[in-house]
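Worksheet: the structure to be examined is printed underneath.
Chain nomenclature is as follows: A, B, C and D, assigned in order of appearance, with residue numbering initiated at 1 for each chain independently.
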Amino acid sequence: MSTPETSSRPPNDNPILWVAKPLLTAAKQFRKSLFRPSTIVYPFERLEDPKFREEVAVAAGKPIGIGAVWDNYRGVHALNIDTCISCNLCAFSCPDLCIDMVNVAGGDPKHPKKCPEIDYGKCSYCGFCSDACPEGCLTMTTRYELSVTKRADMVFSPERLYQVYEQKLPMNPIRLERPENEDQILLDPPVCIGCNACARDCPTKCITMLDIVKPTAAPGEKMPKRIWKEPVINDSDCVRCGTCISVCPKECLFWGTRK
Amino acid sequence: MLSLYSVAYDLISIPLTAIAAHLPAPLSAWLVNTTLLNVLGALVFCAILLGASMINTIMLIWFERKMLGRFMDRRGAMHVGFAGLLQNFADGLKLFRKNTRRPKDADFVGFYAAPTAYMVSSLVMFAILPVSTGWSAGALPLSLLLALVVFSFAPLFIFLSAWSSANKYSLLGGMRSAAQMIAYEVPILLAVVAVVVLSGSFDLTTIVYEQQNYWFWAPLFLALIVFVAGMLAEMERIPFDLPEAEAELVEGWNTEFGGMLFAFFMLADYVRALVGCFLIVLLFLGGWTMPGWVPASATSFPLAGIFWFMLKTYLVFGVFIWIRASLPRVRTDQLLRVGWMRMVPLSLLSIVLAVAVVLTKCLPVIGCVPGIGGG
Amino acid sequence: MSEMWINMGPQHPMTHGLWNLRVKIDGEIVVDVDAEMGYLHRGIEKISEDRHYNEVITLMDRCCYVAGMAWEHLYILAAEEALHVTVPERALYIRVMSEEFQRVASHLMWYAAFVQDIGLLTPFLYGMRDRDLILDLFQSYTGGRMTYEYMRVGGVRNDMPPGFTDRARKLCTWLIDRFKEYDTLCLASTIFHKRCDNIGVLKAAACRKHGVTGPMLRSAGVKADIRKDRPYAAYDRVEFDVPVQQDADVTARYLIRMEEMRQSIRIIRQTLDWLDAHPGPVIAPQLPRWLGAPYAPIGNEGYLLKRNYPHGLGFSAIEEPHGEALAYLVNDGGEHPYRVKFKSPVFANISAVREYVVGYHVADIPPIMGSVDICVGEVDR
Amino acid sequence: MVGEDIGERLAGHWGTDRLHIEPFPGTAGKVRFDPALVLDVLRVMRDELQFAHLAMVAGIDWEKHREVLYALWSDERKQYILLSADIPAEAAHIESASSIYPSANWHEREAWELVGITFDHHPDLRHLLTPDGYKFHPLLRSFKLHEPETLEVKRRDV
């Protein structure tokens, strides 16, 4: 035990004042809030409205809005379908598994474009999806009113998320920098069969299939004139979504670092 | 002089006489018969009284909600009606529509009878207390005693409701309530004795007339303190709201009551609060009379007595709200200790003071201090 | 009158959460108590074994819903130790500032709940009002009001928005003024002393014996504060005092918490000055990519990737608003923590409930339990 | 380092074969000991080495065995120390520490119900967080939230 210090407790008997001080304090507050209490009359006054904040915080001298800045708020998502590249990163990064990739109009019928559909019944508004979005097309807005009467209405299809985007609400501006030493996607050349699946499905089209000649014949023999293709990944465009790894039929792509 | 009964009587007799004029003689004679008119008049009188007292009670709740809100830096009810004036009517309607459920082990008679009896016994008070000259049921020579007797029925019904709802919280709350009310009946009665000594009457109207010149709060300041503290305990308001101390006893003795039964308790509590404020105004603050320095025009307009009386009542209740907003709740043993060991001696002292004031005839001396109601 | 058991909880105004205090009373005197927990058990430790390292942070905010930032900090410290990550200094200061703001917010929440327990209705609203201002501040840089998801392994998510330090300083001034108001409503009232003096006494030896920590321990005269004794983050670089009281009763705990709020404001002011003077990165530039979201969403749902990364053990201790909180994290080289164990201070404080409630009145239970400052979310986890 | 005298003291009591201390960053060390010694070790810790505060008891399931982890704090040394005992999974028994540290009571109840470690001579071994009669031990590795399809991925540095 450390050394006890002397008690700094104030004397607890003030028989003369008794309860006068608390009464006076309450009365002081009564006078202060007689005409304008600190409450925000919610549906009519909104904290995210900067004009209201200015009026109340500055003009009325009320504590409301001392710390309020709404730019970083994590509310309902806004999705710009046009720039979405269907990389799946938002769905991968969701801890609650509330994001589904669903087909949207556009894209060729064989490989339809997929965009996130968010179930707000499960969403915890952690913002990992918008952090993970490499194109900045899935962002969180300041909209927080979500009451619905049907459970099915909680699921926001990409089109509904696009409607939120079109409202041009203030959006969370934060973009995370990628770490310098993140893994790259590497190729195991002998296993590759050149099937083109990775290049076809790559959302950023950073994989190009380059022609190579597979030295399958022994030296001296006549080389087979068959042209093999091998993926070459443009690292600066790659968003590390791992789609190529998951579609590779031979598991010849993998994560790693090139030293 | 305009009196409530005459108003009620006119309300029923004028239309009846008008109708009787168009009716054949035997029927009209039966209709405008004095007994029938008196009975109907009494009924209308009761209806007016009930309506007025209920509206006042509900306004009192609104007043408390708004004022407490301001103490707490918030707004209180504000959406139903102008500034939330109709909120409590809406709440009452909601409670009226709700199911009342009786716990399995609860006693049928006690569970339903106790809230009703509590409500009725509280409402009866309005017939006893004069609001202004002529605005009471009748001239009762012992109206003060009757009022206090009816007022002290409550612990019985509270304990009955607590006991019959077969709940441990209710039981604890009921016992606390009974102990507290009985403990504070004594100082209240003793404080009233001081008033009686000074005024020489048990009739509330007479007591108010005695205060026409000097309000009793200045000479009987000790009695006023005792009476206010006792009333706080009787009304079960913070700091003395232990019977329904929600932190430990959920809702105390009305834990098991819901819907209209709860509304009865809630309303009756505020009826009692209103009655308590009435009593304070009647006994210590001069009732409907105003001090002499008030210009005559302020006291002579129609219903001026009722206006000033209600204004004083609401101000007194405002003080209660102020106390509620700023003080914590005390503990049962501390409450009882204060009741028996501080309030009773203080009230005895106040009787002695009252006797001394009467004997030395110095009431005008104290009462003449400017601004405290000297006439 | 014979003795009877009363269930105070799980739905009871005294509990401040979901738990059940079974009280055996004789008249108005408490003769025995028994606490039943588990109404809020969500298995956070188990779910953590199924989450990426960064995703566990979303659970930490829900662990204690009034002190989310402190629990994030606790987990992050353990995770960084187990994952061998170093943190930029600016992030350390931001974490200290966040934790101290969280401490003030948590204590304000405690104040609001506690005064309501003793029947004071007005300061409840004052406490909640002022806590909301801190939540506004949190919202302005983390984006959330109660579930911040702000800290990341290797730093924090983002830097402060422009003008943040000015707003924070303004808020500090406002809060310091309010603390005086709180004191006049409580300490200056005789009834408050009548209710709170000499109840719920738990002396220092008993505190240590039953594992009670935090303001309860300091109110018994032990100057124990992990921020001082075993400094973490940037606590060794800021100045503050550890308040100590001798009486070990409810009033002493009130005084401790009030003084702690003032000391927290003092720390916050120092960190704000430092943050103004030292711009820089807030997250480590060199991070293993396998840390989980948002960088490495490798594990599709249904896939669990086993990899051979460096193993590690992490042990962290912080002074949470309620007391001493510990975390023990096992990293077996996988994507997810192998095992996370959290020790909540309130867990230990409630476990000793028999020591400080028995013998007092039923009416004393709300102030006593209020002075313990219970957050069931972190007890049940 | 303050931890040295702890090692000497403990070695003096039991030698190093049944108990050894290894460094653990941020603490005075991690003492691994034979589970049969638990009461003696804890008593020495409390009475001779001034670790008056038992902060945490944790159970960890290592599939083959289970680990009981104690975290102690000393006000004099301003340090934590971790004590760890490995017990076999098939007979997960260890003596309860609540006779020496009453604060172990609830921690052991929790470890019992979540990790399935039985604490002998515990005064009150009831369910704490899970409902009475709950038969599972959720923090065991064999208790799966869902059955993940394990995908082994090689990681190579080229």
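A few remarks follow.
Keep in mind that, in the parts below, contacts are C-beta pairs under 8 Å (C-beta built on N, C-alpha and C of every residue); 3 or more make two chains touch, one makes a residue touch a chain.
Keep in mind that this is a model prediction, so the values were computed, not measured.
Ranking every chain by how far its Cα centroid lies from the centroid of chain A, the top place goes to B. For the pairs A-B and C-D, the count of C-beta pairs in contact is higher at C-D. Averaged C-alpha coordinates give centres for chain A and chain B that are 61 Å from one another. For this pair, chain C with chain D, the centres built from the Cα atoms lie 24 Å apart.
The distance from the centre of chain A to the centre of chain D, with each centre set as the mean of the Cα atoms, comes to 39 Å.
Rounded to a whole number, the gap between the C-alpha centres of chain B and chain C is 47 angstrom. Multi-chain contact residues of chain C (touching two or more other chains) are listed as 122, 126, 129, 185-186, 189, 191, 208, 222, 224.
Shown for chain B are the residues in touch with two or more other chains, namely 71-74, 325-327. Residues of chain A found to touch two or more other chains are 1-2, 19, 22, 25-26, 29, 38, 255. Looking at the complex, you find that chain C touches chain B at residues 4, 6, 8, 12-14, 28, 115-122, 124-126, 129, 185-186, 189, 191-192, 194-195, 361-366.
Contacts from chain B toward chain A in the complex involve residues 67, 69-75, 78, 322-323, 325-327. Listing the residues of chain A that touch chain B in their complex gives 19, 22-23, 25-27, 29-30, 32-34, 37-39, 41. Interface of chain A with chain C (complex): residues 1-10, 12-15, 17-19, 21-22, 24-26, 29, 38, 47, 63-74, 88-89, 91-93, 95-97, 124-129, 131-132, 140, 172, 174, 176-183, 240-242, 246, 255.
On the side of chain C, the complex with chain D involves touching residues 37-38, 41, 43, 45-47, 49-50, 81, 208-213, 222, 224, 229-230, 302-308, 313, 315-317, 324, 326, 328, 330, 339, 341, 343, 347-348, 350-352, 380-381.
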